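Okay, got some structures for you below.
Two complexes are shown next, each including chain A; its partner changes from chain B in the first to chain C in the second.
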Partner chain A sequence: MKRLAAVVALLGLATTTAACSAGTDDSAGPGGGRIFTTIDASRPGLDASAPANPWNPKGNSFLGYNGMKLAWVKNDLTDPNQFYPGIAASWDIAPDNSSITLHIQPDAKWSDGKPVTAEDVRTSIGIAYTTGSTAFAITPGAAGTAADITIVNDKTVKITQDMKNPSVKFARGVLDNWVVPAHIWGSVLPATFWETLKTSRGEGAAADKARQEILAIGQKVLAFSPPKDVSAGPFTLERVNPGEALLVKNKYFYNAKNVAPTAVKFLNYNGNEQVWNYLSAGKLDYSGFVAAPTDVMNRIKKAPGSHVITGFSPVAVGMAFNQSKKPYDNVHVRRGLAYLIDRAQVTKVASPDGGTPSLTTSGIHQVPAKAWIGDELNRLDPYNHDVAKADAEFAEAGLKKQNGKWLLPDGKPWTVTMTAPSGFSDWVAAQENIKSQLIDAGVNAQVITVADYPVYLQGLSDGQYDVGFWLMALGPAPYDIFQRLYGASNGWTNVAGRVTHSAPGKGGNWMGGPEEIDVKGVGRVNPGELTAELNSASPEEAKPIMAKLAMASNQDLPAIQLWDYVNTTFTNTSRFTDWPPNDSDMLRLPAGVWMQLGMVKVKQ
Partner chain B sequence: MSVLLESSSTTAAMRRNFWSGVWRVMRRKPSRLVGAVLMVGFVFMGVFGPMFYPDPLPRDVNQLTAPPSWQHWLGTDDQGRDVVALVITGSRYVLLAALVTAVITVVLGTGVGLYSGFKRGRWDTVLMRITDMKLTIPGLPLLLVLSTVWKFNSAVQMGLVLGLLSWGGVARAVRSQTLSLRERGFIEAARGLGLPTTHIVGKELLPSMAPYIAMNMLIAITGGVYAQVGLFFLGVLPYESNNWGQMLNTAVFRSGALTVPSGLGFLLGPLLAILLLTLAIVLVVDAMDEIFNPRLREE
Partner chain C sequence: MTIIARRLVGHLARGIVMILVVATISFFIVRSIPGDPVAANVQKLIEQGMAPQAAEQATRVLYGFQPSGSLWHQYTDYMLGLLHFNLGQSVTHAGAPVTGVLLEAAKWTVLPVLAGTVLSFLVGIVMGVYAAIRRNGKLGDLLAISGSLLHGVPQYVLGLLLSAIFATLIPILPADGPVDILFDPGFNAGYLGSLVQHAVLPVATYALAAYGGWILAMKSSVVTVLGDDFILAAELRGMKRSIIFRYIARNAILPLFTILALSLGLLLGGAVFIERIFNYPGLGLLLIESITMRDYALMGGAFLLITASIIVANIVADLFYSVIDPRVRSGEEVSA
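Let's turn to the complex of A and B:
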């Protein structure tokens, strides 16, 4: 009898446990809908005490979910001015690019029920001035800045460009901006703000003082904490704890009927390995790109419902030289190293799923390179792995080989010292592989890491490193692509439409390349001035300029282009369907934007 | 002459008795022999190990983070290098840093403890307050802060810093021993004979504490290994291409050893090395304890 009672008790316990388990189903959201689970791939570590402030680096404002922009930049191969609608339903760009008129979504409302108005957009632009933004920069002479903001009517705002130094990216600079409610955020801008802004555009002490005042407001903006998250996005922040942030659907969102999840849960993570575990367990419905080794990637792909979407990512990584330091001032040394490094091997070790070995050094990602420079790409030296050619280049540079080791022309030992930020595991792995390849070929090499990326960038800028990795080919805008090689880091600055060159070691010029290059088949070119021309050139005007710059970078090698990144997005089809296809121009936008556009549906 | 001969033969007999005692202690528990063999093995590995491998180590890019196999007993790392080779060649940095840590810990700790305990008075007070201050500073957080300003470019530098942070406990213990010994009859007798302080400290006190100090030194080696491996694992130190802590860091954070089984060998390699080193030290300390403490001898 006792045994029977025990069995009954155990069965009862099991039933209760099962019932409790069913009650805590992770996918069930408020109102019986479905929760969408994700991470913020751009920011590890949730901060429960951070405000719902999109300008705060740790803020709990999640891009595309409760953080809204005027429009969403498409991942276009060549055109920087392609967008999906955000708060702005549409926009008219003047034929000469001198102005953009924004038409706000007619049904857009904040989560407290108030309508989104032109005044909200104007206030948001005012805040953008205080925090630094391309179109709303207060730096005198900056390219592509706004000259005037006019409220045409309650739903229309016109922004004109300062045509003293125009930029083809002006529309992008305007549309790629946060929008916050004026009735919540208006207090951060003093009543005299717009007057101060006008003063800041002048010259002299008064303008300097005005600029300082505006920057000081920026500090207040970063710290501002709205009492409650009021969003015009598809979701609003409900609560945050150290483990997760919960956002619930905003019933006032202009396209709420097409947003499938009733809530979004952001899980906390501090390192990639946590994200790998979430993905392997099928916990996440969506995650942006997270670097993963091949075995881990294979395990993620085996998770139930796992679906990986790949596409174009307009970034490449290069091994950049400080040409102020010997022997890297000699182009033959740089070319010799380019011939020695097997880029396919480096990519296989460092970024097997997130990168493709660069075809050559052109300064442009290999995918848009075909569109920009066409057949010229095939005429560039591919710098295929060739030890004999490397030896010939080193010999031409005057390096000496003794006992199988390359020495400097004066007979002193030569060590290629590469530096990387310690958190960038793919860069460190790549440098470790390059080190081994170079040592195999008789070039001594070492890898040094520094604490983090800001410290690394500061060290680069201070000219502390001989060789470092450098993000390049940052498309789609032609100017952005080449300013990574022939911009401020190599001595050229473009202020008020005037291009000036700083000597190596000064004005942020850490690359220290020559001011002019004699490009074979082209003649002498000033690559910085050519790059500056791209800022206002039409696509057709840009093509021949880009071809010249590609030839210059291929011949002069300020950096050896190693691999071109591939965008890898992780999704899961177990709970939601209707994801963007491979190579979609939505891929670099978060899933919150996909939901705004009517994608991501509950799996029936 | 006969006195001299008698004295040297007595010393030789004592030495013989000592070594036969050591052998007896070792034989009583064979695990101690294992510990001694392991210890010799680690010393050999640190001194000669890297000489058996080319620099850089051979790599096979078709076997990145491969699981254990006949060819690679503990698999390969994310560069396709053999994990066993990495453990062996990486031992020199780890063991050298740990040895420097232990030497500094023991030399500083013993010096401060002996001086403080023997002199007493004002010096004792000052030195012990400094020691107290040192002991109140938590080691790991301080190391984390130091790592942001100090580059720890070599094993010796690493050991130096770790040693300077770990002498407090030894100083306290040695002072206690000194306070106890200085009241013993043989020290009183030495003082009565008018022997100089250097003789009393060097010939009377130190030999009495030598086994204790030696054991502390061995234990300090494990402390040194844990501290540096921990710092490298946390990724707060500059990259060192071949180091047990760096291997653990790479295995977990770059190769996903906690996510995929293929990286398990990569993770186990340095962990096994640390485990075996600790085991060797514990077993040798156990043997030393019995060798030098007559009360623990069973015969």
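Let's turn to the complex of A and C:
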């Protein structure tokens, strides 16, 4: 009994000690400096047993903190090749995009004191080939892949593009890659790796075998566990438990003197509500966007020091149609629905802080749309809420109105059935609102939620749904913007620069739109082929193509563009200052990158 | 061979067969869950800006950890692996052995749930006896009402309530994970104290949610025993009150021990809401994550672990009952 009492007393004492220690200053880091508290908004769920491996899906490598890339992609409206320096201090891109020469930061060192060299970059590129990366993919015919990597000197690397199927995004594909130390990671690539890679670029059985070998190395890369975190970033991983990860400042970082926090604490979360609680309690100094209902957003904004930074986010959400199903094969039905839906109301209900109602359906986010197609944007039909126009379109499609209800041309009942994955609360809310609007206008409608995103995507590709939501206008690269409407989901595939079209229901074509569209004032266009042209078009060449595609999507409506996303970043000014302003091109980069660039200072 | 040993051998044989049957069923069930995880991963990477072909390659590498070949071939490999406690590789964890991933998560489930179960059991049975003895008084009514109320409140409501009060309104206890990262892990006062401090709210939630069940069950059991002839006989013989109390408690607690053993079997089933509210990433959250990712090996492993723990708990409950209740033993001997 006495022993039990002693144990209880000891635990009580320990708890009190912990409570007192933790209670003194939650933001005091190791060495008495200021600790920066955040979450990894891109990946819920810390894994204490995962390695510090940036390729591992649960890896404890945090982008911008202890995970470094060659450069950091700016949130530019139209140019995908704008970057802030990372491991590469500067770069020269050939005018025809055929090569990029990287100049490594002269003072860059790993956290074990060794210098960052061209060999580190080459090894990292080799690893990128094994796991798949935009510029370093082994899939035959992939666009914008590298053909050769040459070490020019200890601090310079030249990468040339395979010009058989070039892409304007080549430089981005190269610079947006992780860099890891060759003296730690070199062992994952066998001595024959570069020979195997060369063989994999050919054709036939030997090339197939080489590709299989590279994929097998990729699995080893994913599972690789460095004995300790060796980073060239501003921080290194100290330890992780299931609730938190602690990173401490890397004194060897090339710009360490401008990095204010002495440590960074990542908090674990498994759902948005945990992040809401952290933000409401003022615990986080920074968080990337997490969708929140209006009342929660108001609560977050009321937290002491709470500050929201907004900017452009290059993505929109569309209500996409399966045109293999009647009556959605009829463009007048799609147009009628576009006139019936009040997009402002939908956005207000579904994404009041994270979105802006789309001006119209152009296939492009409204902010870059002005830069891409200029005045053409004003000539597009805005599809403003107009019941009379909707009625006229439905009548044109042959639909019949009886007792205030729209029926199919054969007199059978018509129900607009919309489907969304249950976890996507903004999509579900939007569909519920659209349902109400349609029912008020005499169009029967229903919303079906499916278990999760994998089920949703399978249902889409199997052609099960009439109408679903679809992310579109993925900028800033022109090809990426339109491939969401006129890519694989609508039948077009682009392999080795050759564009082919699959019939509806085949080859991933669930949208089932026509292969050619007669665009008013333009003539017949093949939107998939036009989209593929954007892959290698210069900005000036891209503009007229973008205009044609915007007109095609506006007229044909494979999807009704509902709202364009807004980037919302949460910060707290209680402990740190010097945050980027609204509309900064840094907003989609994590705060670790801001610190690298000399921002985020301790509040005095 | 003693009766208990015979029972143990019989139970173990049945248990192993049941585990193999469950392994077979869960193997086929997890693979029949609808959804295309490969397409979902490709889409996710494309939406993050990766080129489609590169996204397909990256997904092929990741899902390469998923066994391939015919379903029958996969099944035989799985069952052979199971004999060596090898449950395969997790896709979500990039090829990490499922057994290791499960064990890592299990400790964060067992800690709060075990502590909560034991605490609620101890408090529940003591209060249950008092509630029965004083069933005609105000204390008895109060205890019974508290049991009914807490039994009726869902676990997640209690969790949210405690979290809101003690972590937000009066922030004296943490609700953000199992331990503060600033303490060096090890056998030191700061770290251990932080562990205990972080466990208070999840353990209290579990204990409060389970307490109602124990007090009501114990009260009912005691009331039944109170009416037995041997209690009347003991009172007539003028036995001490404390001895009579022991008679009552010992007889009334028997059915509750069975429930306790079964509850302990459900330990590994996790307490998803508690794990989520208090950021204790245990087996419950791991199971949800594996379902989202369609990580078949991890899903199958988690289901198997949960089922096996229930089967083992059943066996332990049965054997334990034989030990603590002489009537069961003598019954066996007669029939033997």
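Assume the second predicted complex is superposed on the first by the 581 of 604 C-alpha atoms of A that agree within 3 Å, B and C clash if a C-alpha of one lies under 4 Å from a C-alpha of the other, contacts with A are read in each partner's own complex, and residues count from 1 in each chain.
Simple rule for what comes next: a residue touches a chain if its C-beta (ideal position, glycine included) is under 8 Å from a C-beta of that chain, and two chains touch if they have at least 3 such contacts.
Note that the structure is predicted; figures quoted are calculated from it, not measured.
Of the two partner chains, neither chain B nor chain C is touched by A:A205. In the superposed pair of complexes, A:Y453 makes contact with chain C only, with no contact to chain B. In the superposition on chain A, A:A388 makes contact with neither chain B nor chain C. Once the two structures are overlaid, the count of chain A residues touched is higher for C than for its counterpart among chain B and chain C.
Contact with both chain B and chain C is seen for A:N277 once the two complexes are overlaid on the shared chain.
Look at A:A191: by the touch rule set out above, it reaches neither chain B nor chain C.
Chain A uses residues 271, 277, 280, 451 to touch chain B in one structure and chain C in the other.
In the complex of the two chains, the chain A residues touching chain B come out as 271-273, 276-277, 280, 292-296, 298-299, 345, 348-349, 420, 422-423, 425, 428-429, 432-433, 435-436, 439-440, 447-451. Of all the residues in chain B, the ones that touch chain A in their complex are 55-56, 59, 61, 64-65, 78-80, 148, 235-236, 238-239, 241, 252-256, 258-260, 262-263. Listed in rising order, the residues of chain A touching chain C in the complex are 10-11, 13-19, 21-22, 30, 45-50, 53, 55-59, 73, 130-134, 136-139, 141-144, 167, 169, 173, 176, 215-216, 218-219, 222-223, 239-246, 265, 267-271, 274, 277-278, 280-281, 283, 315, 451-455, 457-458, 461, 471, 474, 480, 483, 487-488.
Listing the residues of chain C that touch chain A in their complex gives 34-37, 39-40, 43, 46-47, 49-62, 64-65, 92-96, 100-101, 104, 108, 163, 168, 171-172, 174-183, 185, 189-194, 196-198, 275-276, 279-281, 285, 289, 291-292, 294.
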